[in-house]
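Pasting the structures here.
Same chain, two partners: subunit A is paired with subunit B first, then with subunit C.
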Partner chain A sequence: MLAGRRRFRLEPYVEFAKRAIAREATYRFDVFTGLASFVIRVYLLRAVWVALYAHNAAPPGLPLHAIVTYSTIALLMGLLLDIDQTRALYERLNDGSIATDFMKPISVPLYFFADGTGEVLFHAALIVPGLLLALIFVHIDVPSAGVLAAFGVSFVLGYFVGFFLNFILNCTAFWTLEISAVQLIVTWLTDLLGGQLVPLVLFPAFLAPIMYALPFAAMFSTPLLIYVGAIGPDRYLEVMGVQAFWIVVLGGVATVLWRAGARRVVVQGG
Partner chain B sequence: MAGLYRQYWRINLLTTLEYRENFLLWAVFTVVYHGSAIAALAIVLTAFPAMNGWTFRDMAFLYGLWMLAHALHNTFFSAVSDVPERIRDGEFDRVLVRPLDALFQVIATPGQLFPDELLLALVFFAFATVYSGVRVDAAFVCLVPPIVVGGALIDLGINLFIATLAFWFVKVDALRWLVLQLEAEFTRYPISIYGRGVRLLLTFAVPFAFMNYFPASYLLNKHDATFAFPPQVGLLGPVIGVAFVLAAYAFWRIGLNRYQGVGH
Partner chain C sequence: MPIIETVLLRKVFRSIKREPGVRGALAALFSREYEEKTAVERVSFSLEPGEIVGYIGPNGAGKSTTIKMLTGILVPTSGTVRVAGLVPHEQREANAENIGVVFGQRSQLYWDLPLRESFELLRSIYDVPRDRYRANLAEFGELLDLGRFMDTPVRQLSLGERMRGDFAAAMLHDPKIVYLDEPTIGLDVVAKEAIRAFVARVNRERGTTVILTTHDLADVERLSRRIILIDEGTVIYDGALERLREEYGTHRTLVLTLAESYPEIAVEGAVVESREQNVVRLRFDRRTQSVEGLVLRVLEQYRVSDIAIVEPDIETIVRRLYLEGYGAPATVSP
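For the complex of A and B:
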């Protein structure tokens, strides 16, 4: 509560993010596993799409190279978006150390944001070799600078949608501590319903509108469709507006849950 | 040992009853895990009707066969994958001082073990059998159980190989994770879609293809253009499973004899 009255300073949060990067760097070996897993998956998805396109008519507007590009970029995005960057919240609730966090002169949610972003930034190091391998072995398409920039903006918006979804999920740990199964369930559902595994344009006609109406599409599908050009510049404003809408809605829910949960900690702590 | 093993299952089931909410949660987890994989297959194969001569109906059977064997392994042998962690913690040494076979003790370590995946796999397999239109006759009824047990043994063999590596290397989790991913994702499709190297890998090195691709090809009367094997290779699963487990067990004995503890 004190934090609100003080003048906001950015430096502590930059420091939190740096610490998170250093902490993650001790698990360097996981990076290689992540990269190996990425290569295996790219191989698999390419084999799958090649086999499917060889014996069937290509769907309109989605030739083989576009769908291979889509799936490869989706995997690269998954390396970052499938990280639960607010897991620290759950862990600190679990071992009770959240109580001391509240005493520190910082904004606790911002601390989690900085910590999680540091973690994600470290894993972003995987993107470079991953992208190089993808360019060399499966020849993914590289769009124009303008489209890349739009993709970048849309990806960042999608990152915030994912951050708030994870934050909400971890906030439920204020009430119940058994959430690891729920988290994995949500990750898989996000991958499927967000169009990471299969582009939403291939979903049956009756399902697609429902998928587009869910926040998961704002994480994966929107930036990806921008990248492969299925969403043209004329619709950028509209689709990014929808992403912003989800950030506002989920951010609101996260704030309400956080306040209710924080009050609970204070009550329980006496 | 039989009496001990019965006690082990009694404890597991009592634990499950004690933590009913957890059980329900993990049951939902299992449904979503397999459900999202099957849904992705269904969506893709609705948009593209066939893959190397396999329709969604065929691939549902392919998935069902793998799921059943894998669930059988997970229900009875999943504790084998805890060995690396137990070695790291120094807790494994306790197994060595007891007058019982070490592997038996590992397999019969009580925990929260739910037969939910096996039940779900049985239901899905029954559905996929009807849905795929595979001919269910006396031969089918006689062949499927050994094929499934053989598949579970292939799983166990690989699991035991990786667990045994932990006697030499402290961290093998990454390797296990990669192999598991290879298994879960590459068995979803007919192996004829892969390049020659990967097909050889899945047939001879980590023989996951004998868990579902070869038996499903035989039962569904699919001509396998991959290696030009006669269709009867689909029935070799149990033989390969037993051979694989025996080889893994021999490796395990070597590791066990060499093991000196991690220095706690």
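For the complex of A and C:
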């Protein structure tokens, strides 16, 4: 790429993101069903925790209002983090249209990143109505501005962990063309070991090493524990450092996989 | 100076060897045995700016593989490619700015977006100046009659509409070269003609170089004077369409409608190609037989109600070339 060194222009990627937002907006029915399913899950989870707490002693540091806040915020985060924003990579590999992407003067991975970010930004607009609807059924604790800011940073870090995880999964389609089984496993692992459904502190102690050896907790558990105050300011640097570690590791794996996959396409013709 | 030049281009694909059946499929999971398939071998040709060349060959002949190497998405096993001074697979993005691509089987438009939005997106991808973009869109919109469906999502367009959209999309950034891969496949006669007229005009007025791969030789006859024939990965003919017709289209067909029924038909200097009831097709070589002499002999022997002479179309000639062989590659510069 020596003589072909070109000036980088951000404009196309901003446009990709904008078109992704416009595209998502055309699926209005999905938006309503998504919100409805979110509210139902908020209500059901609250009912489960209320019932569980009525017959059991509350675990230390997690009174009922804290756990209801935890699970509601977890579901809100899920509105964004459960999106497979690089699914387009898998789809375009499967139908072969990735070839036309490579025939354009663009960086193809950046195209997928821009497209996915647009999709997520569209869904971010659902956070406010989602939150308002949730407040009909549940009460949510609101922490101080400082904690909220730390939560925000940790959430963004978690988003990148999720982005690279999805990108890696979709990259495997370069070799297998079929990824749904692997994806299902990862979704389950994220739900369980990421702390989206149940706070990881409630899990048996022997699972702890496994949970912290995997990247899933960096997506949900870390920002959530910051939000409910189970992780105090003295540990922010440490836990966000772990998140950053996972971003570097997964980002590295994603880069290696992408290069190998793209090489396979240009050598073997896909 | 040529705008496209390939020298001894070669592409070999390697795949895991696979025996038939379930056992073979399972064995292939663990097998490290590869088999190699040569898709393109010793392909050399060059194109001057502004040429339209038909790149013709049967399925699996290596047409698409060649086009992929020219667009930079496939790395040649050996040999060299240069397109507008660049090596496509080493300078993919820079090369992409010089080229436009239309695939009959695959759209580059964005499925969920209205046509207009796809164009707008392409404008920003190729950084087309606004006034240039507006002028092109106005011209192509008129030539291809895009007005009625500019605001329709691409997934709702008919094949003909989508193809017209794809042609406009490929030309919006004034590419120096366009690759058209089976561009008229599945289209009706009217749509085919509209697209051929569009390509002819863009080539004439903008000097765009065009490589056209197609099964429909009518596309080639309408658009290009030069064709490159490829079979089993190698170029078997590169030259003027006319010369192909003269050299290989040496046979004419005399179609007779007989006025009476005859048990057997035999005419000196001609071969009976087919006979359906009273219609007989006689093939003869125009270099050794005069039409006059042949017709006279026919009329001496039989009572005939109609006579017609059929020139071979390019399709028949190409089919004959593939079926009967062709000797040494007839390579001439255009």
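Following the convention adopted for this analysis, the second predicted complex is superposed on the first by the 264 of 270 C-alpha atoms of A that agree within 3 Å, B and C clash if a C-alpha of one lies under 4 Å from a C-alpha of the other, contacts with A are read in each partner's own complex, and residues count from 1 in each chain.
Assume a residue touches a chain if its C-beta (ideal position, glycine included) is under 8 Å from a C-beta of that chain, and two chains touch if they have at least 3 such contacts.
Everything numeric in this text was worked out from a predicted model, so none of it was measured.
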{"item": "Partner chain in contact with A:Ala22 - subunit B first, subunit C second, else both or neither", "value": "second"}
{"item": "Subunit B versus subunit C as contact partner of A:Ser144, first or second or both or neither", "value": "neither"}
{"item": "Partner chain(s) touched by A:Ile185 [first = subunit B, second = subunit C, both, neither]", "value": "first"}
{"item": "Which of subunit B and subunit C A:Gly96 touches, first, second, both or neither", "value": "second"}
{"item": "Contacts of A:Val48 with subunit B and subunit C, given as first, second, both or neither", "value": "first"}
{"item": "Interface residues of subunit A shared between complexes with subunit B and subunit C", "value": "none"}
{"item": "Residues of subunit A defined as touching subunit B within the complex", "value": "29-30, 32-33, 36-37, 40-41, 43-44, 47-48, 50-53, 55-56, 59, 178, 181-182, 184-185, 188-189, 191-192, 197-198, 202-204, 207"}
{"item": "Subunit C-facing residues of subunit A, complex", "value": "1-4, 6, 9, 11-12, 15-16, 19, 22-23, 26, 96-97, 99-100, 102-107, 265-269"}
{"item": "Interface residues, subunit B side, partner subunit A - complex", "value": "21-22, 25-26, 28-29, 32-33, 36, 39-40, 43-44, 46-53, 171, 174, 177-178, 181-182, 185-186, 189, 193-195, 198"}
{"item": "Footprint of subunit A on subunit C - complex, ascending", "value": "13-15, 65, 68, 71-75, 86, 89-97, 99, 101, 103, 106-108, 110, 112-113, 117, 120-121, 124-127, 153"}
